[in-house]
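What follows is a single structure, written as structure tokens, with notes after it.
As written, the chains take the letters A, B, C and D, and residue 1 is the first residue of each chain.
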Amino acid sequence: MTDPKTLSSFDLDTAEKTYLDANELVINMGPQHPATHGVLRVILRLDGEKVLGLECVIGYLHRGVEKIAENRTYTMFNPYVDRMDYVAAVSNGLGYCEAVEKLLSVEAPPRAQYIRVILTELNRIASHQLWLGTHALDIGAITPLFYTFRDREEILKIFEKYCGARLTTHAFRIGGLQYEAYDGFEEDVRKFCKFVKPKIDEYEELLTTNRIWLERTKGVGVISGKDCIALGVTGPVLRASGVKWDIRKALPYANYKNFDFEIPTGQNGDTYDRYIVRMIEMRQSLRIIEQAVAGIPEGPIMAKVPKVMKPPVGEVYHSIEAPKGELGYFIVSDGSTQPYRVRVRPPSFVNLQALDLMCRDQLVADVIAVIGTLDIVLGEVDR
Amino acid sequence: MVAKLNRAYGSGIEPLTHLGQNYMVVDRSLIPELLQVLRDEEQFDYCVDLTAVHYPKREKQFDVVWVLYSFPRNERIRVKTLIADGESLPSSVPIWATCNWLEREVYDMFGIKFDGHPDLKRILLPEGWKGFPLRKDYGILQQDSEWVQINLGIESGQ
Amino acid sequence: MNPPVATAFFFYLLAATMIIGGILVITRKNAVHSALALITALLAQAALYLMLYAPFVAGVQIILYAGGIMVLFLFVIMLISIERNMKERQFNKQWLVGIVAAAALGALFVTVYTKTSRGVSLFIEGRMSYGESQNTQMIANLLFDRHAGMYMFAFEIASLLLLVAIIGAVVMAKKRI
Amino acid sequence: MHSIVEYITSYLQSNQTPGAAGNFAWATIYILLVFVGLSIAVICMNWLERKILAHMQVRLGPMRVGPHGLLQPIADALKLLLKEDIIPAEADATVFWIAPFIVVLAAFTVFVVVPFGPTHAITDMNIGILFMLGVSSLAVLGIVTAGWASNSHYPLIGALRSSAQMVSYEVAMGLAVVSAIMMTSANAEGTGTLSMIGIVQAQLEQHEWFLFKYFPLGIVAFAIFAIAMVAETNRAPFDLPEAESELTAGFHTEYSGFRWSLFFLAEYSAMIAVSSIAVTLWMGGWLRPFPNALSGPTWDLVFSLFPGLTFLFLAALCFYSTARMPKHPLFRIQTMGLAGFGVVLALIGLILFWGPARTRIEDIYWFSAKVAGFMYLYIWYRGTFPRYRFDQLMKVGWKVLLPTGLALLILTAIVGMRTEILSMFQEGLR
């Protein structure tokens, strides 16, 4: 086992000397490459096609979100968080709103909590669907992409009907929700659950027992639970390595403790296990959604929050289980209307760190598979 | 736990609670040992986050914050230390491997140096960028126009 | 069977291609260009075999030399840094020996040719002794026939030699098996 | 003048291929016909692949250029021809320029011996199948040089992968082919043949496709070939040389415009070529279904109606789609175009009912229909499978296909020679 502490690091400038000199080949993948899911640049050191080490170069999408936060009021910053992990914007919003609510010591009313959970879980399914499509595409199966996008469309339609936006939803407000669920919201969600269940089976039919899929994913990008914890890797990647840990269960937020669901885990920590874990997670999310839809209470959707928010001086760290892992917000308030400091703990950023370890001694083609299986969104990595 | 730590390290540790979240402010001199103890003896095996906050008016300008989590205890804690500008901290990469990139980001954004870090360089901003954007004295309209001019070949629009 | 058309024309065309290809092989500094020229020469040679009503030899020539060996050649050449080789002096000091060898070969050829024309033929008379189909069968008979197969032993020995060569190559190239 | 006409018409009475008859005028005509037909087939494949793949993936595919995107391939071809021809500054210009031509030449030359019918081949070579394998292996040269000449990492890796893949799968492919060739010698004289036409005739004489011969040996050989041929043409799931998620586009990353379209053309004609080999060797080539069991003039007539009926069916599909076209003035031209296309198809269908055309086209029809089946398989694979990793691909080639092929070869030889072997044993016992 390679020591995770010694992550590779080297300079591409020396590449010219090594290129074609038989033993080592330094190759640059990205930032514009079809399989790096955005503008990730990976510098690979290869022995033939075997990866000796790699270094990620990130920051191409850096927009200084944390700096922006310091110059916006708490409410004004809310839409910005959607732009980080743009495939799971609702989760980002939930994390931020709950963190500020904690700072203000308010709690969203139950009805708002239920709708929040429904939308967040829908978004988790959408995020996993997008992951599955692109991941399968990276491995060479082109058809799942279209299947998952077809079904993700239904989720986006619900979002659109609810808040008018499909991707960067800005669905939640600090203290609750701005919009009451539209007429037929429950019916739509129920219909979606019924619609998507056979579709998930359909994805599995294409891939789960597909020989080539098995060969490409089993034993690829293995990471042990211990390494995961050492590298701070969370989310499905951690669970696939056998650590049964999900913030929804461990440190429940929103009203997740009201719902009955299971945390899937894998044993081998390879790409296939991560695939299976995410597939089960989609089903579990459906379970939560069904319970939530059945139990939406009547009542207000907005807690009493002052128009101009001036949280008391102090700092708070709040994190949620985003589709990609632990998404944390560390907010420092100096008592003014603007946050003194907002730190986002992005799951993609921290998970991406494990790429080097997971790719060692694998082949170039596996790097693609591992980047896919980590499920990173560069918007969130670079912020 | 805090009592035990207090016994060992004396007054260097100040346990606090805000909104139900525990954190401790520790003296800078305690930093590598205390973190090591927290991981090894108190089972805080997962470093969630490492970040900093800049208070330009204070004498010790920076809060450096570790957010730690313990899987066995299911508990989260924050460790905070105060350092002055130009002061460096020992790297915690040997304790938690995840601190590698997190420390690089803190260096990138605040210019806080971590001694013993395997490869401390900018991570989100390009190499050669001037200034540390998350410091409060880094104006939002200010940009490294020199870098922009050299690397992008355009006049900075700001 | 109809008489072939423009035989002389095609012969000279192919022969010229071969010679030009051969010259290019030794004069190009870029090894990939040399390899491509060699392939051209080999293909022209295969076409010449076709003109001699020896399609089997032509097919084997294409598969083995042009399609197999030359691909491996290119493979190896591509992996070597070409730029460095370009700077080095291509010709070593053995060109004198080369000229002597070429002259000797040429002399031998001329001798054989003049002897043939004087009637002491080294070749079977006539342009071709067998038709297209019999030609291939003759090879098979010579190689494999239980009674007339005079080259069977040599053939098997050659294949054994190749096997040894393959194993040797694997042993030498691979650090661990 | 008269002699030239006679020279040309004399061939029509012969029942040989132009090559065998030594008729160069007709050979040239055939070469042109094959070239044009192949280009049309590639264009059709382009459209069909996009449409079929689209429908497998719950989308529509090209719909805008022409009715149901029928003119899309033409638009694409025009676009490619008009694009700027870029040669990278660091590339080796000569080799970069030659490489696509090598690939195209290799892909087209193999069609010299493909028998579309007993007389519908440019020539019938004594070593037909050897020629096909040999020439198609030359395509590797083009790919390797293309990758090298681009002077860029990704094309180089793509070229290396491609050549390694093609060279190794050629071995398994060759073994499967040899096993089929051995089956040709199971006739009264015990003489086999490498001639493409001879192979099909052997199947006719032996009253079965080699696919079913010595069950299951024939099917296994066919399976080996069917896998190897996908690898040989660099198609999914063996499309590593151009794996877009890893190598952007593999060996032709740096190519654009016309030169890229040559690679495209070569890829599709290579697909058709290897499918033709498979059809010839195992599926009875141009033979119609049950040529022996359902023989006689009535059955001949029935089966010879198929080409015409197929075109009429396609025409009917066109008319049906025309009727379903939106009744909006904007769609008027498209509707008319589709109807016109249907009319053309129907006319072709009617012409194909005409006696002389019927008999001449029948072989080509059955051959093309079988090849089309393979083409559909190619598309189907692409829609279904993920991509193999390189080492796995090599493992499949060397550790699975090659030993199976060797065992198969020995088994086929033993089964083919069983009477001789038995008699030898009996002799030995006595």
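We take it that a contact is a pair of C-beta atoms (placed from the backbone, for glycine too) under 8 Å apart; a residue touches a chain by one contact, two chains touch by 3 or more.
None of these values were measured; they are calculated from a predicted model.
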Checklist entry - If you take the chains that touch subunit A and keep only those that also touch subunit C, what is left? => result D
Checklist outcome for this item: Counting C-beta pairs in contact for A-D and for A-B, the higher total belongs to A-B
Item to check | subunit B-subunit D separation of Cα centroids, rounded to whole Å | outcome: 64
Item to check | Between subunit A and subunit D, centroid-to-centroid distance (C-alpha), Å | outcome: 46
Checklist entry - Between subunit A and subunit B, what is the gap in Å from one C-alpha centre to the other? => result 24
Next on the checklist: Please tell me the distance, in whole Å, between the geometric centres of subunit B and subunit C computed from their C-alpha atoms.
Outcome noted: 71
Checklist entry - Taking each residue of subunit B in turn, which ones touch at least two of the other chains? => result none
Next on the checklist: Applying the document's contact rule, which stretches of subunit B touch subunit A when the two form their complex?
Outcome noted: 18-19, 21, 23, 45-49, 51, 53-54, 65, 67, 71, 74, 76, 78, 93-94, 96-98, 100-102, 105, 109, 118-119, 122-126, 133-134, 136, 138, 140
Item to check | subunit A residues within the subunit B interface of the complex | outcome: 4-7, 9, 58-59, 62, 64, 66-68, 70-71, 102-103, 105, 227, 229-233, 243, 245, 250-251, 314-317, 319, 326, 328, 330, 332, 340-341, 343, 345, 349-350, 352-353, 382-383
Item to check | Touching residues on subunit A, where the partner in the complex is subunit D | outcome: 25, 27-28, 33-35, 49, 136-143, 145-147, 150, 206-207, 210, 212-213, 215-216, 363-366, 368
Checklist outcome for this item: In the complex, subunit C touches subunit D at residues 1-2, 5, 30, 32-33, 36, 39, 55-56, 58-60, 62-63, 66-68, 70-72, 74-75, 78-79, 132-133, 136
Item to check | For the subunit D and subunit A complex, residues of the former touching the latter | outcome: 53, 56-59, 153, 157, 236-237, 239-240, 243-246, 248, 382-392
